[in-house]
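By written order: A, B, C and D. Residues from 1 in each chain.
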Amino acid sequence: MFYRAAGQFKTSYRADQALFPVRQDAMLLGFILILAWVVFPLTASEFAFQTLLIPILIYSLAALGLNILTGYAGQLSLGTAAFMGVGAYACYKMVTLMPWMSPVVAILLSGVFSAGIGVVFGIPSLRIKGFYLAIATLAAQFFLVWLFEKWAWLYNYNASGAIQVPNLQSFGVYVSGPQATSMVQYYVVLAVVTLLTWVCINLTRGTTGRIWKATRDMDFAAELIGINLMKSKLGAFAVSSYIVGVAGALFVFMWRGAAEPNLFDVPLSFRILFIAIIGGLGSILGNYLGAILIVGLPVILGVLPEVLGMQTDSALAEHLNTMIVGALIIFFLIVEPHGLAQLWRLIREKLVIWPFPH
Amino acid sequence: MLDATEGHTTADGRKIGPVVMEMKNITLRFGGVVAIENISFDIREGEIRAIIGPNGAGKSSMLNVVSGFYTPQEGEVWFRGQPRPPMKPYQVARQGIARTFQNIALFEGMTVLDNVMTGRLTHMKAGLFSQALWKGRAEAEETANREIAERVIDFLEIQAIRKTPVSRLPYGLKKRVELARALAAEPKLLLLDEPMAGMNVEEKEDMSRFILDVNDEFGTTIALIEHDMGVVMDLSDRVVVMDYGKKIGDGTPDEVRNNQEVIDAYLGVQH
Amino acid sequence: MNYTARLAAAAMAATFAASAGAQELNLPNLSYRTGPFASTGTPVMNGQADYFTMLNARDGGIGGVKVNAYECETGYNTEKGVECYEKTKGDAIVTQPWSTGITLQVLPKTNVDKIPILAPGYGFSAMADGEVFQWAFNMPASYWDGASMILKALGGEDMGGLKGKKIAFLHLDHPFGKEPLPYLEKKAADVGFELLPIPVGLKEMQNQSAQWLQIRRERPDFVIMWGWGAMNTGALTEAVKTKYPMDQFVGIWWSGHSDDLQVVGQDGKGYRAISFNAPVEDAPVWADIQKYVIEPGKTESDEEQRGEVFYQRGLVMSMMLAEGIRAAQEEYGTGNISPEQLRWGLENIELTAERLDELGMTGMVPPFSTSCGDHTGHSGGWMLQWDGAKFVKASDHLQENRDEIAPLEVEKAEEYAAANAPWPTQDCN
Amino acid sequence: MLHDIFIAPFADMIAAPDFLMQVLWEGLVSGILYALIALGFVLIYRSSRIFNFAQGIMVVFAALTLVGLHAMGVPAWISVVLTLAVMFGLAVAIERVVLRPLVGQPDIILFMATIGITLFLIGFGEIIFGGENKVMITEELGIPTGSWTLEPFGGLLILEQKDVTAVAVAAMLVVGLLVFLNRTQMGRAIRALGDDSQAALSVGISLRTIWVLVWFIAGIIALVTGIAWGARAGVSFALEVIAYKALPVLMLGGLESIAGAIIGGLMIGVLEKLFEIYWGQPLLGGNTETWFAFVLALIVLLFRPQGLFGERIIERV
């Protein structure tokens, strides 16, 4: 009833190509945007900002970047965290070498560096495929983390080997560092995420998106219909790594405040891969759903016993949490291997014909 | 070179032009196995040219050489009067050569419409920035090419399934969608690798009609591989016959039908 | 009432309970009883918890106010640590981050949130400078203190015995392991020994054969280890295998865990570790723990741990916090102190020999005191030695070379403050 | 610079041949363990197309079970038998709960499922066994713990007896496995499955039986690996990361080649140790073992996409 698409006719191809051919989708998105831009920031507690809102957005963005590469262009990568690291270190070097630079500009530029490194490590994709490529991306993962550790210039020869985000202002407001408030940081993250999501939607629904999907679905056929596989794959690596790099810069500058090299190690890569897969490969929406589940669930599981007034041992809760996340991953893969986005698509299909299913 | 520049008109009134593609002494080997041995033939503009032969004769390999998917060890491919330098398959496609595949090679994760739109890729030039913003050239191109794609969809009568994911389609329709994708490219030369493999009689008739219509209405040059002799003889203007990587016959369907070597090959007579 | 409603009611109750919990001293501990470092973390955390349980049972808390010492599990994971910090900071009067990585991350936040960090024996050595690091405390001794004590134990009072020697510094390739490097490098130049830093990657902790091949090739006169968790066992087994003389192998206090040494047993005899606490099996405090905590079954620890270095270290850590609370309560005349007041308390700990005696902890930690400008206290420590079955005190009280560490602390603290400007500081004079 | 890269390392090797032999030996021992883990991967991949990321945690789990049972007072060898029973139970459970419902899903989904298994086993294991480091019951199992000291070229070469035992046991395991795969009907079915599942089914053994069996064999391999590695450095969850080392072995040796896994494992074990000692430590600040194997495999694949032992693939359209 709410999702009736009947009566909404398109009179031009242009209208049919609009972002939301069904009016209700646009309304739903508007509602979510109001929630994200107005309601959440006004009502969220510090705890909610720091453990739910900001990390969910950043993880979604990282997963979006990975999804471009893996979900759209079909190149499995296990090195996401390392490219996040490249973004974070690039951002750190930029703001410390050029303190006049606005941190927001630095964050957006930092993706350029990760894109460059991404293309270099994407070159093997021209020759190897599938799991072999996935393992090859681990070479980037391990090598880059090692480099973050050994190349003291990257962390300004800091004795601890870690980077510490300085207090930086943009338009007279502290945007990064401990002086920045969570609300400001949230808005910066939200703005960047909104912008990049919109860009990704445009890219994936147009020519580039079709080139990537063709490469993913059947690479030789793609080449035989005129797609330059090298450009397609390396382009996907570049765009993906750009987004991942920006996510990495946000991760450290807008959220964590400090970073050690091993922060960008394999577990983070896997975490982002989980989000992308549980959310749904080849879907933009899925990244958000996946991040809400993977980031939000442990927080809720952690708070739940307390809310229920149960006295639990925090270590036991943590072990149970690990077990539950593991079991949930298997559960979701069995129930809906195409992820939460597909689940939503099915629900939506039902809603469109509700209450008159044939 | 015999009538390389002139053309003629067929009995049913179609115009056959000069030679567009010529294979000269092609030899292709995989390791020690010779897939194609010293084969030459030509394709004229506007004609339907068939390549036939028993299994393992090297027909698909020949098509792959034309597409640039395989690079022959010896011989040259001449296209539009010039020898073609070694090219990547996508460069060949951009010269206006489109094809379909023996085992359907559609993009299963995309809708029919998107699959057909991929056929238009060689005609789309918008930059990444314009695409990212969905403004200017990107948006205009999208609409213009959509119209062309829709015309192909109309022509092949697959309007009803345009937003269906390809993976949900039955075999026969998939073959048709694949043809649509190739046609959307508006190719100068269309290569069809067993377009009727695995089809029942009605589907074969439909497909034959489409092939003839394509040739007729757009004047597209077509080279096709087919197993079914009957279909080939009805459709094509000229036929190349291959066996064990060698050319054993070339000519009009009638000439080929009466060629003793061809008959032997098909009946399995020992030489 | 259906289930959802009940759940909501419970949630409400929990929220109120949290805000009404003002009658308790909330002392969260960002613990880790999981992950690769759990082996070394667990006994310390048992000790920490048991001490407060004992105070609650014996004295009804501190200054009449009940202590609510609870744990938030981090698994040594920085991300989880920050989550725990954010979750607990609302009503906490202190934060105990428990990993150098989490400390680094939480350190600047405490300036804004105005909550003292207590990082006993870990974190930044420069946190000793109370003028710069108003909110951070790392008593009773810092890593640089530890390094200094080790060098003195090896090279004599003036470290002269180290001249011309070669010292391998086997460390976790992590902020924790790199901490003492500035000091060691400085001393190498001053004294004239060769320093050979050998990093052990987090992933290589259990497979250190390459590092020990390097040690075999370089033949250092001493090996100093900054290890933690599974790295200690890895190093000790390799040392035994390489037949490296155990009496030339010395670790920091986190590398002196009995369980780690069990793996090599008798072969590890002679191995030493510096420590700011020493095991005293029959300390009077143990009787109280036994009576109020272990017998009623309010603990995860057991009788076996009584003489164990790490468990006792946990007791000492909680005792220091309790002393800070006590000092603040007396100063401000209230039982229910705020984080700011606790900060003052931690700056004014007076742990004299008499006080230790009252606490029943004589010999477990050297006497020390903190001040506005000195957030470490610099208690000094003892060498402990593995006798094949347990650690025993093997030296007199050692004291670091204050005069060479202090300027380094000031220098690094200023560097940190400059890099994190605007950084609020206090004036202690 | 060039001298440091191309001349000095080799000069070092020649100057101290006993040390070089020690380095090679250490590399060989690590290599054997990499090979064992890679072997577990290969078996499972061949029979079910699953890239089993859980092989690493299975090593930890098996070792923990063994040590845990012994700590409960069970005699050592009975603990081994019981651990094998547990690994068999695990294989059955994985087949029932995870694999059967996921049959026919894309590779990446199955791969993710094994990561799910990994997380589950980590949480489960920590609840049951606790996170602290444990001592492998080396002596109780009758594994000698001393060492032999040889003096080649007047130098010193230390061979740990437990390492020698590990090498010997690993070799026996590999031989036994090869005999099983080549000489028994069940084994042939497993091998056939790698090439053609129809052919395997026609032998008359159900796919499910084969899967349980293969995961069980992987469990046995995990136990052997766990004992061997645990004897060197104790048993804890930190062991899990050695599974990563098997991945470049698979790249070099190929996902389906048993011989590839063994030769690749030994090669990587030896080369990464040589590189670390003679180039990594003097020139790059050490710890190159974290990435060397991956970068090596990557470079090899760039020139031979099919790996060292794979056959050249001709693409067909």
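Simple rule for what comes next: contacts are C-beta pairs under 8 Å (C-beta built on N, C-alpha and C of every residue); 3 or more make two chains touch, one makes a residue touch a chain.
Quick caveat, the model's predicted, so the values are computed rather than measured.
Engineer: Measuring between Cα centroids, what's the chain most distant from chain B?
Structural biologist: The chain lying farthest from chain B is C.
Engineer: Just by CA atoms, which chain is the most central one?
Structural biologist: A
Engineer: If you average the Cα atoms of chain C and of chain D to get two centres, how far apart are those centres in Å?
Structural biologist: Whole-Å distance between the two chain centres: 37.
Engineer: Compute the distance, rounded to whole Å, between the mean C-alpha positions of chain B and chain C.
Structural biologist: 75
Engineer: Measuring centre to centre with CA averages, how many angstrom lie between chain B and chain D?
Structural biologist: Inter-chain centre distance comes to 49 Å.
Engineer: Mind pulling the chain D residues that touch 2 or more other chains?
Structural biologist: In chain D, residues 126, 131, 244, 285, 287, 290, 315, 317 touch at least two other chains, as defined above.
Engineer: Counting only residues that touch at least two other chains, what does the list for chain A look like?
Structural biologist: Residues 146, 149, 220-221, 224, 315, 319, 322.
Engineer: Taking each residue of chain C in turn, which ones touch at least two of the other chains?
Structural biologist: 33-34, 173, 199, 201, 203 - these are the residues of chain C that touch more than one other chain.
Engineer: Looking at the complex, which residues from chain D come into contact with chain A?
Structural biologist: 51, 97-98, 101-102, 105-109, 111-113, 115-124, 126-127, 131, 244, 247-248, 250-251, 255, 284-285, 287-288, 290-291, 294-295, 297-298, 301-302, 305, 307, 315, 317
Engineer: If you look only at chain D, which of its residues touch chain C in the complex?
Structural biologist: 16, 19, 22-23, 26, 29-30, 126, 130-133, 135, 147, 158, 160, 229, 232-234, 236-239, 241-242, 244, 273, 276-277, 280-281, 285-287, 289-290
Engineer: Inside the complex, what are the residues of chain C that reach chain A?
Structural biologist: These residues of chain C touch chain A: 7, 10-11, 13-14, 31, 33-34, 70-73, 75, 78-79, 82-83, 86-87, 89-90, 100-101, 104-105, 108-109, 111-112, 124, 173-175, 178-179, 181-182, 199, 201-203, 300, 412, 416, 419-422.
Engineer: Would you mind writing out the residues of chain A in touch with chain B in their complex?
Structural biologist: Listed in rising order, the residues are 12-14, 17, 199, 202-203, 206-208, 210-211, 213-214, 216-218, 220-229, 235, 282.
Engineer: In the complex, go through chain B and note every residue touching chain A.
Structural biologist: 67, 69, 88-90, 92-94, 98-99, 101, 105-110, 114, 117-119, 121-122, 124, 126, 128, 131-134, 138-139, 141-143, 146-147, 150, 181-182, 185
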